[in-house]
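Notes for the one structure printed next.
Going in written order, the chains are labelled A, B, C, D, E and F, and every chain counts its residues from 1.
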């Protein structure tokens, strides 16, 4: 079905209207949110043929996730479960000094019981690239095993694999995370990691370029991307190490920035862009994402092009 | 603190705006909903001094429940838990033939671990009347035991007890419900039950007046109230059996009707009304409730008086 | 400026969103509402050249009234006051048995100090018809005098006058109302009154046709219209007595129905329609009004025509 | 891609919030609306594998149509045009006597230039059933030709064809419509028509069963369905003539009822249901549609089953 | 009717709620927008007696434009057309790097067929100043001729004329624009132009003061105003050349800034202010406009005074 | 009932949605607002046991105030009045240069007739600290006397007293304010005043530390706090003079900042914090308040702790 297949949990995010509080809001806005589907949406908006696979409860809530992702252009291929919850999270975004308040309510989600046997692995086998992230194995021991099996499935079918470290301290310890991820690393072609996770989880401190090279050398990754937030990103691969600054942005919705970067980067790599260009598209997609409410990058290729090309945001009329 | 103390779970209800669908709505309205707090609100709106006791997660969601109930006038005395979820449920209300769609997401709520030891039992001991319902023991084996202990606490302190059967087939079987409830019955003074539950759970079929008398005779309840929806209600007690018809109403929000009845009935019994008058106030509170969005009866004593007195709903200007 | 000039108070109406309660709503919808401006809007929507004159506080609230009335097509010619409040009222509309709850907050409105000297009386002198209602003199002793002077101004300038009895028991007693209104009656050409006010205030009971004739005979009114709500209306004048039934309507917003009738009736009288036709247009305007939120009849001539002609409300496509 | 392929125009419908007016509303709700995509959505909600093909402007408005239809579960395969408008229509729905007000603004839509050459005809060739309606050829002479060519494409590929007469008097005269449609009839297997269009456009008056049989005989249709609004529907085919009553419904949104019927009927025919069953599913889908804002039937198979089976709309809890 | 008469197209602007996207928003906010009515509103808010004349479709959409403009205080004198569309445009405003996205849908608007014969030219003859802009002749060849005729009408009646160059590259080429505008220049007293249009369309580059003088000299304009966005404005006339800086502003809604400047400038010129003062009021009106959603400057004279006088925006309480 | 008792007027604030205007908004958001209840809410959110006492009209509007304050966690003990208005105020908040527009409509509020006799003085006698502000005596001569009597009640019962000068030039002159306040000063333990009021009303100019010391010396206050907006605050007492800077904040809602400071400061003083710590908590509560719509500081103790401790507003996930 798709060139890019992503696998992971997508939650329903419930947020009080802008500036108001979770404790007293009379309504919550509803958005889909999940690292791998966020990345899938970003990739599809840039022209990639992407599919998200997962397991969802057969309920209006599970169908809400599918409806929202399809609306964004992402294809979905999900297993419907008769038991298990729809994961949710409650997010309040506010200006300083209030910051962001988050309540996860994702335990016992249907996806936590997803096995490789029941997932549409043929969709992975027919793809060019398979993506998942460090959040997924942290959700259950079943998923820890499933992620490994899906990566093997991809490897066996000569499908390339990408992995975003995406460490979540609320889900597991850095030690456990490292041990688990290291079992996956031999199966991974493209590793993407925030500099912070590289340091705290993978134990690689130093300049981003050094970290990228060190990780590539140690584990034999074909490509390593280190994201440094407002400081841009660095990639090692194709016999080069390149870095690109981040684009300035007026932030309305910070959640999902990293996933937008991943989706933008991979979409361009899939259509053959060099590392530097792909970093630029990742960064531009991420910058645009921060102006858009919700967790997904509802961008279009043309506007990402314009950001990359540095065109001023003026109105043509 | 209060004359009436109620104990049970209160969930956050999430509903799409009127007529829209859970699957596609971009926002959900948020309401507090729980049989015993619904009844407590109704009672407090009619002038009773009521308190709801429970256990909630120490999170913006748990605090949301407290904020909403306090806004309605109900006092709360809750234990804050560091673990356990905030129960939620998703409700879509629509006209025929679409009907009502409900998704419960209440497993592992903080309240399911509430023990009599940690709950504010002194609040019960200082009250005149303690109310809980058949939903509460159905939520966990801990709560099954806790309900029994709280009823004993009340009995030991010469506090009268009321119990709303409120059978929920999604939570337990009718057989288990019956076995459990029968262990409580010797401790209960006022039993309130839908005619349907009297028949299907308690095994008492027949005319409502017969059912009320039979239950009172069998278990020694001081008062038995049988609610029959649009057909009104019957009560046996005070050496009489009385019945009252329901009031006509333009239904906007059916959920919580029965709880409004219970709160209205008990509030008037607490201030000495006879059975017939209390049934009328229960019915009028229930009829008004159905015109008000959400699960609680945000009524005022004056307007309930007017409904009982049969005044036309005209505008005085 | 206009053929029809109306004078009176226009308040800002603040209402909780449909079905919700004044006590807990997080926002109030804002509408302009006043008997004489309501009638003016209805008349202008049917093609009359109408102006509303009044006195308003020079504040965003006073300007809100003007903005809203101009938006509806009504022209305004107001005196801006440096002191005095903007009258408001709070209205909750609900289904039975809840009914309608209203809180007036109109004391000390700027209009209560309006004198004939400061009002644009030349606008009245240039008109064909001057309309005010029994609400206006009830608001203050100044206004009681002003209404009399404006009616004399009209009479002196050969401008015909119309008066809607519109008794408000919250503002004055029926005895005081009667005494005051009777001082105006010699100056009035067209008297419009609900049957209820004719009976309770003016002391004319009986069949509407008899009441109309009796009032016309007693006071020498050129035309008398008796409105009977869902039972239609009767008019005596032009040497005939005619009656027309009301049109069926799905009521969303009952406030302003009578004013819509008055505006529709007078608009058609101004362009020469006979009494029966004018009653039909009054009734059709009133029926349409009840489907439209707020106090004013935002109708168009074409749709009123269709209602009068009995065309089914189907979609042409 | 799909078993059912539908072709036609989809507009953006802009509607003032419930009860308010097009003339003064401060915002318009946005919905997708088009006979063939409406039917496609209904079919896909009942389990059919459906695709809508069309031509849309390459703009946020054209993309809005695709996003909304994908959200509803329908697959789309569209040609993106660099010129041509996105068709819109403005709809105000209200209670009697106000009725429904509609303003079409669909001239020069991109789809009006769609030729068979540029449309994805392979999608039709791979399908089991191709559906279009009488609205499409009425939009432009190009489309009149295109519809004929697409029907021939289907016929050549042994794909069955369905056609909904759907006469629109604002688009063409009944005479022109008849002449055009009759050129298509030899290519059509399943004809669906409102009784009103059968009479006024196709010239077949009489009892619905007679009309169905007469049309089938005259043109050799395999199946003919006559829809009679609240009076149900009749079908002739499979050597039988069957009729089914309509289901009662509380109407919130009447637009799209007929398309929901078509989609529900065809979905069940595609999976082998007999005529009577398919009529029941068409009727149940239509009845549910009327409770859902917007033009499309956002239903689920389970709830349609329940309506067909006559289950009461009660809450299971 | 008015001292200032403006002529041009007013569209309905449809915008997704703040921060959201045209492609996925479930509702669009509705605003009136048109260069000449925008300027008219600004002038009327500052106390000028202004009228906007135009041609609109006789539909709820055309009436929406009139309702909205009247609400802002502007008088309107329009010809109602039985054919022709209501022009619309879709606007999404966002922070950098997303910028502003606009889709015009104004082809075949009713106004494009407006001839001088049918427009209320007596309204122009009775005015002190007539304003139109370079957008209007770009809309159709009919309007190109009409603009010329209206300018001649004004000249013949000794009514002064003002013209805002307002070049729109989506409507015509700079060459065509120049040729057309130069046919009007002999009839124009006050020319207002962005520095950018002076350079690109009129071929006058250089310092704004030089450009103003050069244009005045070349064409004999009585007054020339060059607007330079955040760099302020320059005017030549009354035997002086003056410049004023722009006021700082927190931008919420940039569209209509230039029109607000024009309206503020002309309103003060009409009541006799000198060039420098008029530039200040233009600038202050424009700065306030940018804080107000929609295209029109819903300001009041008092607050513009305060900005001109440099008073801090503090709360008096 | 509470450790902290506050007394004063609470109004209903009516505000147009963000960025829109009082003059044209179609709805107003509703918030409770009053200096002393604002401070009470802030104190209760930080853990104090606080009660607000006052007099309110027995209407849905008066009950709205109670509902809203209880929702925020504040206890209330009010006298219900059969006459007197519910005070309101209309507030429009906007960016520069538009600023903030306020219309007070508080004359004849029920509270203006509140006497010490009818207020729940036992609640004061049982408290540790009684707070009121300079707004309250400015509202009526009755309240001027009542404030004095309540301060004496507190003094007689050995309850400490706090007073926020809070000068309002729209309510009284600085001379009258000074004369009145000086009659209270002998009864006051903790004086809190903006530096501006100290200078303009109390006649104490100079550096904040000097002002604090001078006021303490002159009147024998136990503690004096001088608030200096963005420049922080200074306190004299406990034999020390301390100052603390303000915290940076992204302002969404400036109204109520000072009250939040007072509540935060007093809550910490009540539980024994030293002056510097209490100033920090006052400042942090104030900074957070500015990010929250409405007049009250809907904060939690944990987030105030985090601001005081200077933790970055990052998301833990």
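Going forward, contacts are C-beta pairs under 8 Å (C-beta built on N, C-alpha and C of every residue); 3 or more make two chains touch, one makes a residue touch a chain.
Please read all numbers here as calculations on a predicted model, not as lab measurements.
S.K.: Give me the chains shared as neighbours by subunit D and subunit F.
M.R.: A, B, C, E
S.K.: Spelling it out: a chain qualifies if it touches subunit B and also touches subunit D; which chains qualify?
M.R.: Common neighbours, subunit B/subunit D: A, C.
S.K.: Would you identify the chain whose Cα-based centre sits farthest away from the centre of subunit F?
M.R.: D
S.K.: Taking all residue numbers used at the subunit C/subunit D interface, answer same if over half belong to both copies and different if under half do.
M.R.: Different; most numbers are used by only one of subunit C and subunit D.
S.K.: Let me check something: if the centre of a chain is the mean of its CA atoms, which chain is farthest from subunit A?
M.R.: Checked the centroid distances; the maximum from subunit A is C.
S.K.: As a multiple of 5 degrees, what angle does the CA superposition of subunit B onto its copy subunit C give?
M.R.: To bring subunit B onto subunit C, one rotates by 120 degrees.
S.K.: Averaging over Cα atoms per chain, report the distance between subunit B and subunit E in Å.
M.R.: The answer is 62 Å.
S.K.: Between subunit A and subunit F, tell me the centre distance in angstrom, where each centre is the average of that chain's C-alpha atoms.
M.R.: 46
S.K.: In whole angstrom, what separates the CA-based centres of subunit B and subunit F?
M.R.: Centre separation, subunit B to subunit F: 39 Å.
S.K.: At least two partner chains per residue is the criterion; list those residues in subunit E.
M.R.: Within subunit E, the residues that touch at least two other chains are 21, 23-24, 26, 63, 67, 71-72, 101, 300.
S.K.: Let me know each pair of chains that touch one another.
M.R.: Once each pair is checked, the touching ones are A-B, A-D, A-E, A-F, B-C, B-D, B-F, C-D, C-E, C-F, D-E, E-F.
S.K.: Which residues of subunit E touch subunit F in the complex?
M.R.: 18, 71-72, 247-250, 252-253, 284, 287-288, 291-293, 298, 300, 303, 306-307, 312-317
S.K.: Hey, which residues of subunit D end up touching subunit A in the complex?
M.R.: The contact residues of subunit D facing subunit A are 63, 66-68, 70-73, 300.
S.K.: Which of the residues in subunit B come into contact with subunit A in the complex?
M.R.: Per the stated touch rule, the residues are 14, 21-30, 59-61, 63-64, 67, 85-86, 88, 90, 92, 101, 103, 105, 107-108.
S.K.: Give the list of subunit D residues in touch with subunit C in this complex.
M.R.: For this pair, the touching residues of subunit D are 19-21, 23-24, 94-102, 104, 168-170, 255.
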